[in-house]
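Common to both upcoming complexes is chain A, partnered first by chain B, then by chain C.
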Partner chain A sequence: MSGLPGFLIDDRLHFPSCPSQGGQRFLVEMAAPLTLLLVLAVTIRAALFRSSLAELIAERVEVVSPITAWKRVVEGLALLDLGVSPYSGDVFHETPLIIYLFHFVVDYAEITFMLADVITAVALYMAVKDYNKQVFRKQKFALEADRYPLDCLELIRSPKEMYYIPLKVAMFYLLNPFTILSCVAKSTCGLNNAVVALFIFSTIKGNTLLSAIFLCLATYQSIYPLTLCAPAMLYLMQRQYIPVNFRRASFWWFIAQYLFMYLGSLFVLICLSFFLLGSWDYMPSVYGFILSVPDLTPNIGLFWYFFAEMFEHFRLFFLCVFQINVFFYTIPLSVKLKEHPVFLIFMQLAVISIFKSYPTVGDIALYMAFLPVWSHLYRFLRNTFLVSCVLLACSTLFPVLWHLWIYAGSANSNFYYAITLLFNVAQVGQPGRSQRRLLIESLTETPCSPLRKSQNEKSY
Partner chain B sequence: MKTHVLFNLFATFLLADGLNIEVSVFDFSLQLQISHRFVFLILNFTRNVAPLLINTQLFTRFLSRISQDSAGQFFSSGHTNNWAVLVCTSRFWFNYRHVANTLSVYRSVKRLGIPDSHIVLMLADDMACNHRNPKPATVFSHKNMELNVYGDDVEVDYRGYEVTVENFLRVLTGRLPPSTPRSKRLLSDDRSNILIYLTGHGGNGFLKFQDSEEISNVELADAFEQMWQKRRYNELLFIIDTCQGASMYERFYSPNLMALASSQVGEDSLSHQPDLAIGVHLMDRYTFYLLEFLEDIHPASKANMNDLFKVCPKSQCVSTPGHRTDLFLRDPGSVLITDFFGSVRKVEITTEAIDLTDPIKEVEERYMHSYVDQLPVSEIIHQKPKQKDWHPPDGFILGLWTLILLVFFQTYGVKHLRHIF
Partner chain C sequence: MGLLSDPNRRRALINLLTRLNAPICGMPVEWLVKTMQARGLEVYTQRFSRTLPFPDENKERYMVKGTNVYGILRAPRAPRTEALVLSAPCTPGDNNNQAVGLLLGLAQYFRNQIYWAKDIIFLVNDHDLIGMQAWLEGYHHTNTTGMDWSPLQGRGGSIQAALSLELSSDVVTSMDLVLEGLNGQLPNLDLANLFYAFCQKIGVLCTIQGKLQRNDWDSVSGYSHAVQTMMLMVMKQASGRPWGDHGLFLRYHIEAATIKGINSFRQYKTDATTIGRLLEGMYRKLNNLLERLHQSYFFYLMPSLSHFVSIGYYMPAFGLLAVILLLRALDLWVQLATPPPTTEDGIADIEQSSPGVLSVLTPLVISHLTGAALYMLPIRFQEMAVEHFPVSETEAVVLTAIAVYTAGLALPHNTHRLLSGEGTEQGWRVLKLVALLYLAVLLGCTALINFSLGFILALTLVPAAAFVTPHVPKVLSAFVLVILSPACTLLFSVFFFQELQEMPVSFLDGWLLYLSVISQGILDHFLYGSLVYPLIALLVYPCWLLFWNILFWK
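Take a look at the complex of A and B:
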């Protein structure tokens, strides 16, 4: 109840002035702290780039994976200069557009990755700001329609609380050690994050075409953002006031439009990639590699240990099981969370970063940046201490057990995989808990809650 | 006198020829198959008289024929020295029996005459001085401590971690670093009969060394081929006592190899009996019965390989021992056990006198050797590779930027176009 600027009159809540003026005020006022934050982040990254830690970090398996490693990009470009397709052999697993990009900027790679981080942060900042505006507007309408019972005052958000959230989001992303490590290692995960952040920004802004195009770029680079189609469609439909109802024609028409744009741009991108190198080599190298997981270098994911000890006979079956696991949660989650599509995006990002075939800490950093958006739920989360301790402990234990396994020889892969499992369990716990509280919060907004009825009766 | 002697000589040697009497001009303990004292006396007599008759052309022709026939029979094995390479490949206390196996073969081989200088003994672990051995400095092969195969004069050449696949193959092929002492080398030549005995844990096509590496049957066959090509053996007897041991000799392809194994592919070789005082199994079955068989062999024994193949039938061994003789040029029935397990030294008699007084003539160099340049190395290393830069195709750049522009104008509206045009 503390910090609420509203006041009670006749058992009804009143809030002062409309948020749109405040919104513009926010934009002007927040530019300076944001710039400061960006400068700080760039300084940290530049300092780390100059130090000797850069090479050390670039070869850590938690930070780079066979898909995202910078070493492989350089190798691929070198192969291209020698006249050989970069996809020959098991070296390069990134898309041809990355080849095109880095062909010109390979000397300025550090600046490129820092720029990618900056773009991600700014995109997330503006996206969350816009989202907060809409949330606040929705809340205002709901308040005026008397949909909130009195005992849920704690969950009402005020402009003052939400003032700093976008900056916090940008800060969470830029100053996250995971992001910094990912940037210093020059992992192409940073570029992927930038594209996903731009997708989120364009979705929240309501631009269907840009949203489809950025999603297509993200999917083109790694297949898993495909699952973000559903929340994007849900959000855009709600923004355009199309009812999310299977029986309505407008629903299917919108879906058809979006999918057409999405698939069309995907098709165009794939054909364009063909024209870059003149061959379809990149398809098995990029998509075949992501889906069939031939490289079993240990990472923070779940695939390597299983597939290292699996018999060939069952490999296809378990491959299907593991890959379906990523896509499986989309439909149930969309059904459950159709009122909260941005939260759905957050959940999907978490699911992707846990269950994808070659996760790195860069993927985790992206969804962790969203945590401040639902900070009003923190009070109600259980096991916060436990989960955060587990995450912290696992993050520190990863390099320790790696050293013990590979260099000292006194541990083995089981130790490392145990920490991986624990890390992923903590990750699963984290959005899961937030989801629980969000659902409880959403229950209070439904017009059918019994408390509200009694309240209405009281007021008349 | 001379003609009488000549006639007698001729007759006796004909007789000897016909009766298949094996003669040894030095070893009088050899039993004659048909005891013919008369023949024996005449032979003695001829030995003493022969040098007097050397210059007779007829006699020399007879003698050469004689030396070919009886010497041919006597020297039918063709070897002049014996070597043994005995390897135990497993470590740890519970593999006591493998060390006991190897040491019992070592003991037999030494007893039958092969000296330590001609034995390369490789033991992967030390059982006699293992701290778990309740009877230190002993390795028993039979329960109730009947037979201590360790003895007082065991010379182990490769011990502990020195027993590796690499060292084993280097010993066989002779490719050792120059600093290797003679006791660690197999200095065999093309008249050596070599006995190779391997024991340890094995599987289908491999033998495990030290619990960390393996030697495959292909590698072994290739090592033997190297030995053949370098003329490092005359004949080779290969005995292996492991699980699925027959798989190890499946790939042999060099001549003059005979192989024995304790079990067929798909079978396990089993251990014999545990000793409750020591707490481990003391021997493997096959080697136990092999040791029993060898205890009955003495240097003058006439037992041949067919008897060795009968050692440890399935009733005793539970596994089926196997053998391979198709690469061996002689008939196994004519191969003595002592040809491989013992060191019966034979000397060739020659009737020719070698003149050692003349100086050795230098072989003239017919032509100068020179190295032919196959690769123009100097050209290659000094030539810098041409840097061919790859450029993305123009169509791609055009297509990409057109799309980007289209999206830009779609998003921000066509009115911006007016600012450009």
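Take a look at the complex of A and C:
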């Protein structure tokens, strides 16, 4: 046992895994930096709200999309005040719950969006903290059972590293320029992110009912979080020690329970929306709009260019292909990553934000917040530098090429789409490589694996 | 056939020109309105006013008030959807005293023709660029620069092309074509080719950058003449200021050029009627356009009027310079990612002393705060400076800018006291990596919008960025870094520009010219929205300061 890291040599764990005196001191110690971070984030956003940049940012196509733009929310509210259905006129594409929420808080819109960002950050912070505790506990048991070969000890995470990860996650979300831009533009993507973050928090805490309810809210807002059902169910089953096996009755019983809660809440929400506005107008305007992509304003997604130049005859076919593309990766990814459901959540969020019909930078910010959780893998990744450079360059080239296309007239849509494609390729590259490393790491946990030694030797 | 084949019309034009030969004090608005109405145009005026942020010493103006006068010639049988503009700036003095006369003569001639398919707007703008900015903002209902103008009462359709006339004498020896516009934007090359081809057809000498093109391309002197012409264009484009009234049209996606008449010592002189025929021909060609000019290049450099260097040739040169930065950054990344040698136990030291985000963030924040100070302080504190020092406002602004710039050089000694990771080898490598990537992205974006500015900055900043480390000899490197900084680049460019124009200046005159260039740059930003000053102050200067910080890391 001389080869073990120092923190595991004693019998006592130096990582406060339960609320004890050490645990409470730990909480107090971490609360101060988190509060400082929240204050800093709110200050930056408030300063930007007051400056003249706010209108400029609210018009950028990279930051707002036809389903999240604040201008359209204001338009919908105006129509509602006039007694007309807000969905008439094909301008407003938000759900009825959002319009009623803003009916009451429209004067405090800026505070609402800042609060949404704060809620997201705190939810992610607490979720990652809980997840880290579980990972550490699992790691400790595996070490005591001597399941790790000695030469892969560098992959084992120490409490000191994991101490700061929740704070880093919150920081990655709050101080990400994408998030700040999204908040200052008052894009409702911030609210969607808050709901997804609450879903992740309740899933990791193990609360099945809340997890189903928040997932249902997220799906109600934009259809794509439906794919997060699978990792949620996998995680909750893992937590309740239900084996993931098709032949077991407990597996199917759990799935039935979860789906019942999920579909039940969805049914309640849809009926509630019907009663709020008294008509089914919102279904084609919200869900029909997301699925049939009629608005081809350029954005950072892949749909607009294709559908702008497509013949009408083939439109339905390609629409189906593109939409299935978002949902299709759930099944193979779930099969492959069933031991790592939280990583699956990360992958799903990345897939959704790349392949959805109207992505914005706010969606990207949510999954980028998870990157510190797997920072122990980064030492083994090639091409991190290249991918980060490409992402950085593309983010700065978006406004430049937009200006050259729309204002100077010297470029055209091909240039802008080229940057969009490059941006999305870099995004695809990033979680893909993390996944490869995670899988290699997971292989080291199986004892007596014949591939173990060779895998460790070619650790690149 | 054509303009002024009729002797009566020729006499009328000559009378008009002689009458206008007397210097005009201010703009004769009522006379212009009456004359244009007499020629059958729909005449409107627009008032505008603007208080400059500080007095402009070159043109001696501070609180500008003026009136633009424009007359619209409606196309007889076409729907009023498209328009062409012919403009002549009206300034007091001898500067441009023939252009308005020629414009009015042309208006009279054009009025009698039946082949116009687009409306022609004859614009006489007051206070050159300021008046033009007011007119364009009024025409397109935008207000980006905070100017105060009265709305336009009459409008044509969307403007397809525009030409601006500058004519100071009634006989010329050559016509000079000016293409460079605001922020280095250029009109479509088709417009330049059109003008050159038509000049050759009529037999008028046409020049660019004031230089006549030579035929001996193979000889060294011919080649160097072409290089000089091209370098003049690069310098003018990099300055980001509009070199003629046409420069402001380009922002609205309207192809425009300025035509200047030059009267130098040549035997063969062209009179105003030929220039009139030239302009008539240009406008007939523009009249025949079915769509906006977009088929030819928008990004080019011209060593002469019959040759051009397209973006496909000059961008790889810039790309190679940017690759230097990326290779350096890659090298630093590999150095940073190489794990340290393992200890005796065989366990890698997991808790490496990574410098942390804070030690990189502090120089970044402080450099950008200095850049923000360089952008905001000169204008804000000019009153205070004028109270305490015996200087005029313009001098106060320029000298404050230079003072803030120089004060930034004292920074490394202060940021070190705030840094926690001071003196570590990892620290400066991380900072240099961030600075290199920042510079590469910045130069790339600048080159896409204004290639000449990006290229000149790349030429000076890339070598500095590549070689700087804390281990090079300090005094020599500090000197080299200061020489390669943006301010000194500007100083050298001023002297170089004067050399290229064959008007070399003494050091003192050059220094005064440099100060006036800085003040013009700041004014251009506030008056017309030129991006050079905010780019240098808010982005390039902080980036350079990061490298200065790295040099003094220990």
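The definition used in the following text is that the second predicted complex is superposed on the first by the 424 of 460 C-alpha atoms of A that agree within 3 Å, B and C clash if a C-alpha of one lies under 4 Å from a C-alpha of the other, contacts with A are read in each partner's own complex, and residues count from 1 in each chain.
Assume a residue touches a chain if its C-beta (ideal position, glycine included) is under 8 Å from a C-beta of that chain, and two chains touch if they have at least 3 such contacts.
None of these values were measured; they are calculated from a predicted model.
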Chain A as common anchor, with chain B and chain C clashing or fitting: clash
Which superposed partner A:S413 touches (first chain B, second chain C, both, neither): neither
Partner chain in contact with A:F275 - chain B first, chain C second, else both or neither: first
First (chain B), second (chain C), both or neither touched by A:L80: first
Partner chain(s) touched by A:N325 [first = chain B, second = chain C, both, neither]: neither
Broader residue contact with chain A after superposition on the shared chain, chain B or chain C: C
Contacts of A:A393 with chain B and chain C, given as first, second, both or neither: second
Touching residues on chain A, where the partner in the complex is chain C: 3, 5, 153-154, 158, 160-161, 379, 385, 389, 392-393, 396-397, 400-401, 403-404, 407-410
Touch list for chain A against partner chain B, complex: 80-83, 99-100, 103, 207, 209-210, 213, 268, 272, 275-276, 278
Complex contacts: residues of chain B adjacent to chain A: 387-393, 395-396, 399-400, 403, 407, 410-411
Chain C to chain A touching residues, read off their complex: 185, 250-251, 253, 292, 294, 298-299, 326, 329-330, 333, 337, 339, 345-348, 350-351, 437, 440-441, 444-445, 448-449
